[in-house]
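Each in C-alpha cells, the structures are laid out below.
Two complexes follow with chain A in common, the first pairing it with chain B and the second with chain C.
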Partner chain A sequence: MNLWRDIKGTLQAYAVTFSYLFRKPTTIQYPEERRTPAPRYRARMVLTRDPDGGERCVACHLCSAACPVDCISMQAAEAPDGRRYAAWFRINFARCIFCGLCAEACPTLAIQMSPEYEICKRDPLSLVYEKEDLLIGDGGKDNDYNFYRHAGIGVVNPRGGNADEYGPVDPGALVP
Partner chain B sequence: MTELLITSILILVKLILVFAAVLGLAAYMVLAERKVLGRMQLRYGPNRVGPFGLMQPMADVIKLLTKEDLVPAKADRIMFLIAPGMASLIALLSFAVVPFSPPITLFGRTIPMVVCDLNIGLLYFLGLSSLAVYSIALGGWASNSKYALLGAIRGLAQLISYELSMGLAVVPVVLTAKSFSLTEIVVSQADWPNMLRHPLAFVIFMISVMAESKRTPFDLPEGENEIVAGYHTEYSGMRFGLFFVGEYINVIILGSMVTVLFLGGWHGPLLPPIVWFSLKVLAVAFCFIWTRGTLPRLRYDQLMHFGWKFLIPVALTNVLITGAVMLAVGP
Partner chain C sequence: MPTLTIDNLEVTVPEGTNVLEAARALDIVIPHFCYHEALGAVGACRLCAMRISDGKVSGIQMACMVKARDGMVVSTLDPEAVELRGHVIEWLMTNHPHDCPVCDEGGECQLQEMTIAGGHGNRRYTGKKRTYDNQDLGPYIAHEMNRCIACYRCVRTYRDYCGGLDFGVFGSRDRVYFGRVRDGQLESPFSGNLVDVCPTGVFTDKTFRFRSRPWDLQEAPSICPLCSLGCATVPGARFREVQRVRAGINREVNGFFICDRGRFGNGATNDPQRPRRPRVDGAQVAMETAIDTLRERVAAVIAKYGPQSVALLGSPRASLEANTLLHDWARDLGTTRLVFDAHAEQDRAARITEAHLEHQARSLNDIRHSDLVVLVGTDPLSEGPMLALAVRQAVRAGGGVVVIGPKPIDLPCRCSHLPVSADQLDDALRCLAGGSADALAAELRDALKELRDRLAAAQRPVMAGGPELLGSRGVNTLFETVEALSTAERPMGAMLLLNGPNSYGGAMLAGRGPNFDMLLDGIDEGRIHALICLETDPCRDARNPARARTALDRLELLVTLDALPTHAALNADIFLPTSTWVESDGAFVNNEGRLQAFARVMEPGLPLRATSPDSYPPREFFLETPGSEPWPAWRILARLLGRSEELSVLRREIADADPRFAPLADLAPDAPGIRLTTTPGLPHYQLDRETPG
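On to the complex of A and B.
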C-alpha cells in the first residue's frame, strides 16, 4: 500500500538527519584553520624569473590583450643588448577575476598563478600591485624554462649568433 | 483581605517566573535550532559570539533593536504596528494554563504550580491558538504587499484547517480525564501517559501542532523561496523580531501542550516533576527542529488534501472508536 511506503520513506529521512548529528562537520573554521591549496591552485598572479635570475617578462602585451577585464597594464622597454623587458608592470587585483587567461597567453611563462589566495584589503588602491610586488625569486611552476636561450635576441647579433643560445631543437627527438 | 493580597502576590511571582523562563527559553531555542540544524547539515552553526556561540541571542536582539523600523508607505499603519505584538502576546498568554509541576506546600499553603488553573484550560488554549490567526492575517493584509497577502491567505487556510484535526485529536484525552482542566488531564495520566493510551490521537496531534506552529513541512505562510518571507515580508527590526520570537514561544507552548496532553506532564520516575516537565518539552521541541532539518515543504494543495481528506477523517474515526470502546468497557 502507498501509505505504508510513504511512512517508511518519511521515517528513513529522520534516521538520516539524526545520524548526521553525530558526524564531524565538514566546515573549515577559516581564520583558525586554513586549508593548504594545491601548488597549481589558481589565485594571485606572480611574475617569475629565469633560472639565472633575469625577469622572464618580455613586455609583449599578450596578457593584457587576453585579459577580459583589462586589469593588466605595462610599459615595454629595451635593454642595451636588445632584450625587451617591462619598464613598469601593473595588475589591478580589484578588477582581476582570476580567469587565468593571462597565464595561458604568456609565451615566456613569466606571468603565472600562485596559491596565495588571501588578498583581501580594506583599500582598493592597495590591491594595485606593481612589478616589485609581483616579482618572485624563482621560476614558479616551470623552473628550468628560459625563453631567450631558445629564442635568442636578434637585435645586436642575428638570431643564433649569441653565445648563450641553445641550438635548434631536433624535431626527431620529440617523437615518442 | 490579606488572603487576597497573598494570592495576588503569588500569582504575580509565578507570572514573572514563567515569563522570564519562557522568553529566555525562546531566545535559546533560536540558538539551539540553528546549532542543531547546522549539525544535521554538517555545519557548526553560530559559534563565534561567546563560548560555543552562547551569546548569539544577545547579539541578535541588539541587531534587531538597532535596525530601522520601516513601515511601507501605503500600509495600514495601525494594523501594521499591532500585528507583530499580537503574535508574541497570544503565544505568551497560552502559558497561563500550563501546569508545570504538582501543587507544592509552602508555609502551610498549597500553591498550584500553574499561573491560572482554569477549569476550561484546554478550550482556552484552543481559543488562543485560533486567535493567533489574526496576527498573520492582519500583518499580511496591512503590509499592502502581494507576497505578504499571499502568505497571510495561506496561513489563514492552513491554521483553520489544522485546528479542526487538533481539536478532534484532544477529544480522546478529554474523554479519559473527564475534564477540560489541564491539571486534571495531567493527574489522569499518573499510571501511563496518553501517548500509549491514544497513539493515533497523539500522532494526529503532533502533525497538527507542527502545522499550527507554521514550521516545515508546513511553513507555507513563510515559503521563502516562493513568496519572499510570506506574511512578514515587509517587517524589519524588532517588529520582525516579535514575529520571530512569537514563533519560538509557540514552539515552547505547543511543546508543553503535547507534554501535558499526551506525554504525562510532570509525571516521571526519580527526577523532580519540574525537571521531567522541562525535559519532555525540550524533547518535543527537538522533534520540531529535527523535522525542520528533515522534511521539505508541502505544496499548497498537498497541505489542504492532507488536512481535509486524511487527518480530519482519521481523527473523527478515532473519536468514534475511542468513544465506543470507552462506552463498552466502562469508565
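On to the complex of A and C.
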C-alpha cells in the first residue's frame, strides 16, 4: 500500500541520520585542527634545485604556455657560463587553479607540486609569489636529475663531456 | 602545363614545377627541410618522400627532385612513404641535443614540428651523440653547431643567395661543420637571414637571445621604415619593447629575405630617452591640451601675419595618412608653404621620380629577373641594401651588372665598373642615350657606346640610380636616357633609391609646391613665422643643417610632431609625441610607387626594461601604461582638423578625395601592395618649376 511505503520511507531516513549521531565524525575543526596531506598531494607549485644546488628552472616558458589561467610570467637571462635561468619568475596564486599542468609541462623537473594547500591572504598582492618565494632547497621528488648533464650544449660539463656524448669533432680531420 | 593527381586531387601547374610545389598549390603539406622557395630544391634532407604510382619515375621518390608530369599520380600518405619519413626524422634526431628548453628556436623550430609530424617520440638509438665546438660569429648571430641537421640551407643562403664569402661548410662525412674559417663577425650585410632560414636552432638572433618565446611575441605584418624599398618585415614585441624583427614575405619586393640594417636597426622605438610627453613651452601637458594650444597659437600667428606666414614640413618618415592630413591642414589654413622632405635636392628627385616613373617602374622582383642592370651613381649597400641582393639574383640567373660612378662599389656579385666622376654622371647618361658628349674622355665614350649596344640587345634591362650622387638633374637625365633607350617592344625600366620609406607618397602630395630651401629663405627674410615639422628634424635632414638650425631659432612658433629626441623635438614650442611605425597602423609608398600598409604591433609604452631596471616588473597596479602618451601622427592631425580618428574612415576619405589614392580604401597589410598610377589630368611636377615660397 502506498501510504505504508511513504511512512516507511520517511522514518527510514530519520533512522539513518540518528544512527550517525553515535559515530566518530569525519570532519575536523579546520583551522584549529589540520590534516597532513600525503607527500604526493598536488597543491601549490614550488621551484626545485638540481643536485649541485643550482636552480633547475631554465625559464623555457613552457609552464606559462601550458597554464590555462595565465598566472605564470617570467623573463629568461643568461649567466656568464651560458646557463639559461629565470631573471624573474612570478606566479599569481590568486589566479592559480592548482591544475598541475605547469609541472607536467616542465622539461627540467623544476616545477613540482607541493602539499602546501593553505593559500589564503587578505591582500591579493601578497599572493603574487616571486622566484625567491618559490625556490626550495632540494630536488623535491627527484634529487638526482640535472637537466644540463643531458642537454648536450655544455654549461655544467665541458662541451662533449656528458656521458652520452663524443668529444667535439675536428672538422679539419682528413681521416675517412 | 602538366596536370597531375596528388592524394586524389587534380592540379595543373606550370611546366618545370616540382611535385612538392604542386602539392603546396593544393595546400597539401609535405614535410621538408632543404627545399626553400627562394633557394630551390637539392634533395638533401630526404624528408619529402612520397609514392609516385604510374609513369617513368614510379616508386618512393623525393617530391622536390621530381618535376611534375602530365598524368602523374602521387600519394603523400602512402604507408611506405610515411614510414620512410618517420625513419628519416629518427636518423636526423640521433645527434640532435636534448636542449629544446634552452634553445631560442623552440616554438618556431621546423625540426620540432617535423619530429612531431614524423611520429618520432622515443630515442631507440643507444650510441653516443656527436658534438662540436661553437664559433663567435659577432654580436648579431649566435652559433650552436650541436643542433645542426646538415640541411645546407645556411650555406645556400649565405654564399649562393647573398654572396657572402666568409662562411661555408667544412669537414667530411658526419663531421661537416657550418661556420667560418676562424671566429669573427659575419661580414655579409645579409647575415641575419641565417636566423630565418635555419630550420633548427644552429643560428639564432643574438640580440633576441633568451628574451622571449615566439608564442609570447606580439607580431604583425609591417614595412621596414629604414630605406625607400619598403621590404616586408614582421616585428615582434613583448613587454612594450620591439625585441626582434624577422623577414616578411613579399614576392614582389624583398622576396623572403631582408638586410641586417632592417633586422637589427630598430632600437629607436625602445629608446628610454624618447620624448613621450606632450610639451607646451617646456611644460608637460595632456595631449588634448597641447592640440588645443597648437590650434590657438597657429591661429594667432595667422591673425598677426596672414596665412602664408605658416609653413608645414612633412616627411618621408611619416605615413601617407599623416602626410595627407598635413596637406589638408595646409589647405584649410590657406598656406601654400607645404613641403614633404626637408632635403630640397632629395625632395626634387622624389618629385621627378613620381612624375616620370609610371611605366618605367620596376620592382625588386623585376630586377631579380632582369638580364642587364645598370647602376648609376648609387651604392645600394648603403642606400637600399636589398637592391644589391636583387642585383645579385639577376647575375646568378645569367644577367650582367654595370656600375657607373666615381668609385667601385661593394656588391655581393661580379660587376663591371665604368669610372665616371660625380659631376660627369649627367654627361655620361646623355652620351649613353646617344647624345653628344665632348666633355667625356674618348675611352669612356667608347665604353658607353659598347654599353648602349649591350642595352639594346638586353631583353629586360633596368637602370637604377641614387639621387644623392645624381642630384635632381641627374635623376631627370636618367629618366630621359631610359626613355631614349626604350622601344615599344622592349621597354627599359628604372628604379630610384629615394630618401625615405614614404618619399614617393610625399612627392605625390607635393605637386608644384615650394622646396624646403625656399621655406628657409622665407624664414630668413621674415615672411614665415611658424613652422610645423611632422616627424622630421630639419637640423639633421635639410641639405644645409647648420642653416636650418639658425633659421629655426628665428621662428616665433616651432611645432614638432615626432617620436625621436631630435633638435627640433627638444627645442619646439609645442611638442606632440607620435608613435613609431610599430605602434601605429599606416601606409607607405615605396620608391617604385607601391602602396603598402603596415599594421600596429604593440601599444606605445615605456619598455619594462626601462621602468624596472632591476628586471623585476613592478608589483603595483597602474591604470595607465607608463609612456603611453604618444599618438599616431595621423590621429593627432585628425583630432586637430576635427576629422574621424578611425583609420578606416580616414583612409576612405583620403581615397575619395584624391583618385590617385583610391587603393588606400581597401588596403590590407601582409599583401604585395598596389602600385599607384598617376591619374591623367592631374598636374605633373616639372623640373625647376617650384613655386617660390
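Rule of thumb we're sticking to: the second predicted complex is superposed on the first by the 138 of 176 C-alpha atoms of A that agree within 3 Å, B and C clash if a C-alpha of one lies under 4 Å from a C-alpha of the other, contacts with A are read in each partner's own complex, and residues count from 1 in each chain.
Note that in this section a contact is a pair of C-beta atoms (placed from the backbone, for glycine too) under 8 Å apart; a residue touches a chain by one contact, two chains touch by 3 or more.
If you're wondering where the values come from, they're calculated on a predicted model, not measured in any experiment.
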Once the structures are superposed on A, label A:F18 by its partner contacts, choosing first (chain B), second (chain C), both or neither.
first
Which partner chains sit in contact with A:T10 here, chain B, chain C, both or neither? Use first/second/both/neither.
first
Partner chain(s) touched by A:T26 [first = chain B, second = chain C, both, neither]
first
By the touch definition at the top of the document, which applies to A:N2: first (chain B), second (chain C), both, or neither?
neither
Is A:G167 contacted by the first partner chain B, the second partner chain C, both or neither?
second
More chain A residues in contact - chain B or chain C
C
Taking the superposition as given, does A:T36 touch the first partner, chain B, the second, chain C, both, or neither?
neither
Shared chain A surface residues [contacts with chain B and with chain C]
none
For the chain A and chain B complex, residues of the former touching the latter:
10, 13-14, 16-18, 20-21, 23-27, 29
Hey, which residues of chain C end up touching chain A in the complex?
97-102, 106-107, 128-134, 144, 146, 170-173, 175-177, 209-213, 215-216, 239, 615-617, 619
So in the complex, the part of chain B that touches chain A is made up of which residues?
36, 38-44, 290-291, 293-295
Of all residues in chain A, which touch chain C in the complex?
58-62, 64-65, 73, 75-78, 84, 87-88, 90, 107-108, 125, 128, 130, 147, 150-153, 159-160, 164-174, 176
